[in-house]
Each structure stands twice: as structure tokens, then as C-alpha cells.
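For reference, the structure discussed in these notes is given below.
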Amino acid sequence: MPRETFERELQELKYELLILGSIVEQAVRGAVEALKLRDLDSARRIYAGDQIINEKRYEIEQNCLILIATQQPMARDLRMLAAILEVNTELERIGDYAKGICKINLMLGSEPLVKPLIDIPKMADLGLDMLHRALGAFIAGDADTARTIPNEDDQVDELYNRVYNDLLKMMFTNPEIIPRANFLIWAAHNLERLADRVTNICERTVFLATGEIIELDMAEGKVI
Amino acid sequence: MTQFSQSRLDSIDIAFYHTRLSYNRRKITNQIMLIFTGILTSLALLPLVWIISYVVYKGGQYLSLDFFTQMPKPLGMEGGGVLHAIEGTIILTVLGGVIAIPPALLAAIYAAYHSNTILGIAVRFGTDVLSGVPSIIVGLFVYALVVKNQGHYSALAGGIALAIIIFPTIVRTTEEMIKLTPRTLREGSLALGAPEWKTTLSVTLVAAANGIVTGILLGLARASGETAPLLFTALGNENYEIGKIISSGVANRQGLLAILNRIFEQPVDSLPLTLWKYAQQPYPERISQSWAAALVLMILILVLNIATRIWLQRRMSRLQGR
Amino acid sequence: MDMFLDTFLLDFQNRNSHHNFPSLIDYSVTETAEEDKTKKVSFLVPASQIDSFTPSPQDTKYKASILNFSLFYGKFQALRNISMDIMANKITAIIGPSGCGKSTLLRSLNRMNDLVPNIRIQGQILLEGENIYAPGVDIVGVRRRVGMVFQRPNPFPKSIYDNIAYGPRLYGMRRRALLDEIVERSLQQAALWDEVKDKLHHSGMALSGGQQQRLCIARALAVQPEMILMDEPASALDPVATLKIEELMQSLKSEYTIVIVTHNMQQAARVSDYTAFMMIDNPQNRTGVLVEYGPTAQVFTNPQNKQTEDYVTGRFG
């Protein structure tokens, strides 16, 4: 098989990216769970664990640059490495959202939630499901799947609008809870952004497979 | 801008127009030169074709199988051949080769690898001078050295004289061929830990074999056509018959060395020598035999040449797998 | 998609399907994580690779060590004070502009320079701890342990079989069965066996350029050297043949130490584990010096020396 060394190292890089994706998924899921259960210890640990995500991201970036410098990839291989750099950054940002949700949890401290969390975990589930499939499509270079995933972003946006409107209504009726409700809007916003980042990953997948750079979320205007 | 490029285009057009004119002129010049060189080449080939066809014409009239297989007959008798001279030519040439080749190869190897040492320069200079020495002088030298000391003419003396004549040819061609083999080939062997002598023997000489064999054959072909050095050494001997020497030797239960000694100790004839002697005689019979001998000599050299060419080609194709 | 990746993807899904928390990674590192924040993340030079460059003695073996080595042709000094360790079972590339003494250094490693008259050396080259330039050292032994492959393929004008058997025969091996075995093994190691097994007694010169070069590698392997020197082994070959040689080098790494000189910087980047950059110290005396030596990933992404950076970025001069 030609270019064995390069192929092997590229596979390793993809493997590393999947590990990073897995860590990020767990972090987001854990952060939302901890917020729902008001588990401050877990929140603290996930908050600190963001460092691991950052280091992993740097490691992947370095390996990617070394591979470009030493193996002179061309065409699809080059697009793959450029896309890995991009996806790598997106994953790290998603990790930051998990960190942000943990921070909200910690800032809430011992105070109770303004309402039980229902829609926010749903948003997380939807977003993470998209992320998981988007990463799978990216590694497989499956542009068709990648084109369909961003459509699901609408559901996340819908949920976000609902959370936003609900909390706004509560703030009007009871101004005392404004700071705490605001925190929850931030959390929801983070999850809404997560879905947008997934769209970016899908765009990179299409780029990787076809060489075209396209916008996949142009169909409908976004809220906010 | 457009104005400028238009004028540029014009000038390019003009340039091409001139080119087209001069193209026809160049084409005609080329054809004239081609015809001219063709005529000169034919002129150069003319003597060769002339000689060969004349010899074939004159010698072919007398040539028959008997001419190859019979000893000469006394004057005035019809028929007879030049078997003695064919045998003598082969004996003398082989003897000359056997004496000259081993020292020539060694000298060539030395000169190729130590070309800047005093001895290396001496070898090259010496062989150059030697190849320029007139062959009659080589004959005289061997006469003084061998024939005077032995007290009689012999095949051995003739062989030595021929050896001296082909020695420089073999040295120079071999040296050139060794120098032409890529340096990396030697390095490949040395890098495996082979000593230099082993490398030379089993890599360099093998790689240069084609050129070396060609050089040797050129030398032998030249030797087989030499007359002058044999006048004072091999002399000529119309009664020389290897078959008889060997059969009488075997009958008398002589050893191989004794038989060889008897072969080499007698004066011997060769084709050019016979040709030269017959051509001087006033008998038409001998004159025609002389022409026929010339043709036989030519055929001998031609066969030698073609045989080696075939051998070399086989070797090359084996090496290159085609 | 790769099998390995498939299984991993499956695993990846399984691990994420159960929503138990805590999860894949252990987040119970609260205290140390705080310290981690202050830890500087070194960019582009992975700590792991730097560690492997200055390894603890039990981890990595030096196959050869060049110690303060200088070389003179008559009055001309070709190399000055070169010191570098060559790692066992790794590929070390020597790069640098023409005339910087890369090949001279390479040829010093198996004493091929001894063929040049008026040569003089200072310093030492240790092969497994023994100075190959010490008085009384057997050059034949050195060359047996350190094989060499040249720029142009140089098969002997012999059959493929005899080409490979040349080395073993030199060392007195005559048994046909053993020679057969060596020939087959060497050709297999050089990834040439399948192409030539039916024509072992054809001439080695009938092969294509790339095959000839692999034949030369097989010939070097036949005497079971410890180290193989390659002097621009692919510079006379087309890209496909070059790729084959490069892959071959990777597969030979596990058993041999390889040192390669190449003009082709990209090739050095692709194949080598360590890279040495050499240059002439100044245009007047044209003496070759070692400028930088380090892990290939470092030399090509973050060289420590300005001259190295200029060379690998093509801004040399």
C-alpha cells in the first residue's frame, strides 16, 4: 500500500480527533446533568477538566502541523488536514460551552433553579446527537449525511426560543429571579451555539469530500 | 496599450516572414551538405569494397576445398593447398595471444588504477611508443634475442614477435575499458567489504569484458595479418603439418610437452608469409595460389570478427535480459 | 473506511450510549487541574518527542556516535568538529546544500573515504562503542557491519542471484542451500522477491531503475549489516520508485539503523525520525559543519537555528 506512513499517521490523527469529540460530548452531557441535579462537585470537576480538552486540542493541532510539514499532503489529504484543524477548534469551543454551563452552575451556588430543567436537557440531547453523527460523517467523509444534519438545527432553535420566552415571562412576573433566570438563558444559549458549531463541522465535511465551501444553515433566518 | 501590442505583433510577423524565407535557404543548404557527406563517405568506402571484390574475384577462381586441406605440391604439379600456412597462422596467433594477454591485462589494470604514478605513466608512454615501432624492427629484435640464441628459426620466435606487436593494443584498450566502468560499481563491491583485487577480478573485469575482448581480437586480427616480423623469426616451412607431428609423437609415446616442443621449435609458415613468397615467383600457378591465400586470410579474419560480434551480442543481451 | 476506525467508531457509540456520569475521562483531578493551568503548553514541539531525543539510557541505544570528527583532503578541511549520535533502529537524515560535506560524513561511517588519497581525520566514530578509526581496525569488518547504497543503482554485471550472493560468498559462504535462503530472505526484505523470484538467474542489469536500487539494497542486506548508509538512494528514480524505496526504508527500520543523505528536503521530512542539517561555515574555506540535529518533526516545524529555518523554508542564501 502506498504512503503507509502517512496513512497510518492520518488514521491516528482521526482517532485522536474522535477521542477529543468523545471527551467534549461527555463534558457537555455531564455539565447539563450537573446543572439539572445541582451537583456542584461534578460541575467543579468538569470545569477544571476543560484544561484536558484544551491540551488535547493543542496536541492534535501540533500533530496536524507536523504531518503537513513532514508528509506534504496534497488534494484530498490536504483538505482533510485543514478540515481537522478547523473541526479541532470547533470541538474545543464546544468544550468551552460545557465549561460555561458549569460556571453558571457554580455561580448559582446553593440557590435553587427558577424552574425544573426540561427543555435545556432536551436541547443538549438533540445537539449532542447531531454532534455525534456529524463527527462520524466527518471521519467517514460522508458529505450526504453532513448536508442533512444542519436541518435539525431548527428543532434546537425552536427549543431555545421556548426556553427564552418562558424565562422572559417568569422574569416579568417576578423580577427577583431575574439574575437566576438569566443564568439559565445563558446555558440555553450555549447549547444553541453548540448546534451552530455542529453545522460548521458539517460544512467542513462537505469541503473535505467535495472541495466546495458552502453555508449549510442559510435556509432560514436565525433567532437573535 | 493596444497600439503598442499591435506594433509588437507586426514586428513579430515581420520576424517570422524573414524566418520563413531563411527556412527554405537552410533546407537547401542542409540537403546539399547531406549529399556532399554522402559522396565523401562512399569515396572512403570505395578502396575497401575494391580490395575485397578484387581479392574475391582473383582468389575465388582458384579456391576449392582442396586448397584448405592439402599441403603444397612441388612446382609444376597441378593443385595443392595451403594447409601448412593456415595451421601456422593459427599456431602463431594463438601463441602470440597466450604470451601477450596476461602481462597486458595486468599492465592495463595497473595503469588504470595508478595512472598518476611514475610506473603508470611509464606504462602508458611505453605502450604508445611500442605501438609506433615498425614491425620489421620487432622482427629483427626477436631474431637477435631468440633466433640467434636458439640457433634456428622457430614458431616460438614468431609467436614472441607477434606478442610484442599486439601487446600495446591490448594494454591501451583494456585500460580505457577499465576506466570506462562506473566508479560506483567498484564502490558497490568495496562497500561490501571486498578487497580491491577481488573487486577488480570479479566486478570490474567482468563489466569491462566486452571492450577487453574486442581489444584482444583487434590485436589478434592484426597479428594474423603481419608478415614482416615473421621473416626473421618464423621464416616459413612448407613441410609443416601439425597432424603428422602429433601422430608421430603419439606413436613414439612422447609426452604432451615434448609434442608441444616439437610444434614450437620448427620454423613455420603463415598465410601472409606464403602469400608474399608465392607472389614473387614467376609461375602463374603460384601467383593464383597467392591470390587464393589472400582470400583465405581475409575469410579467416572475417570469421573471427563475426564470431566475436555474435558472442558479444549474446553476452550483452544476456546481461540486459533482452 | 479502515477496519480499525470502524471498530473504534462502534466503541465510541457504545460508550456514549449510556448516560451514566461520570464518564469516559476521569474528571477527579480538581487539584492538579488548577496547577495544569499554569503549565505552559509548548506549541509545536511536543514534549513527548523532545523526551525521546534525550532518552534515558535504557530506552534508546546509540548505534553510532560521531565524536568531534574532522576530515581533511590534503590541506582542504572538508568537515569540522562534527558530533552526533545515531539512534539505533531509527532513520537519520542528513540534509544541507550541495558541497556541505553530507556525503563525506556518510562515507566516513564505513570508511569509504579511505579510498581517497591524502585523507586525514581527527576525532572518532564509534560503532557500538568501538572506534572504527582506531589503529588495527579491520576495514573489511567495518564495511560488513555498515552497508551502503549509492546514488545510482549499481548492480554488478551478474545474475540477480549472484548479485545478492556476492557478499556472503566474500565471507566464505559456499553452501548452496544456505545461499539460496539468504538470497530469498534478502530479496524479501527488500520487497523485490515477488517481482524477481522467477528470474533469479537473469541479469540484475535487466531490471528497471527502481528494481535495481532495491536489488542493491538487498545486496547490502545479504551480509546482515547493523547499519545501512544511503547516499541519495532515490535521486535517480521516478516518483513511484522513490515512494517504494521510502516505504522499504520504513519497513527496514525495525531491524536496521539507517542513515540517509538526501538533497530532497521533503524526502528527509517524510522518511526520517531525526534530521541533521549541515552547511559550509563560510564561502572561503568551504568546510562542512553540523548546524542542527534534532527530531525531524522539530527540525521541520520549529527549527532552533536561524540557518536551519532559512534552509527548510527555502529562504536559504
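The chains carry the letters A, B and C, assigned in the order they are written, with residues numbered from 1 in each.
Here, a contact is a pair of C-beta atoms (placed from the backbone, for glycine too) under 8 Å apart; a residue touches a chain by one contact, two chains touch by 3 or more.
Bear in mind that the values here come from a model prediction, so they are computed numbers and not experimental data.
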Of all other chains, the one whose Cα centre sits farthest from chain C: B
Middle chain, criterion being Cα centroid separation: C
Chain pair with more C-beta contacts, B-C versus A-C: A-C
Inter-chain centre distance, chain A versus chain B - centres from mean C-alpha coordinates, in Å: 88
Computed distance of Cα centres, chain C from chain A, in Å: 43
Centre-of-Cα separation between chain C and chain B, whole angstrom: 51
Chain A residues counted as touching two or more neighbouring chains: none
Of chain C, residues touching chain A in the complex: 1-2, 4-5, 8-9, 12-13, 15-16, 19, 21-25, 27-30, 33-34, 36-37, 41, 43-46, 243, 246-247, 250, 266, 269-271, 296-297, 300-301
Residues on chain C engaged by chain B in the complex (per definition of touch): 110, 112, 115, 139-141, 143-144, 147-148, 150-152, 154-158, 166-167, 170-171, 199, 202-203, 205-207, 216, 219-220, 223
In the complex, chain A residues that touch chain C: 2-6, 11, 14-15, 18, 21-23, 25-26, 29-30, 33-34, 42, 44-46, 48-49, 51-52, 54-55, 58-59, 62-63, 65-66, 69-72, 132, 136, 139-140
Touching residues (chain side chain B, partner chain C) in the complex: 182, 184-185, 187-195, 198, 202-203, 206-207, 209, 318-322
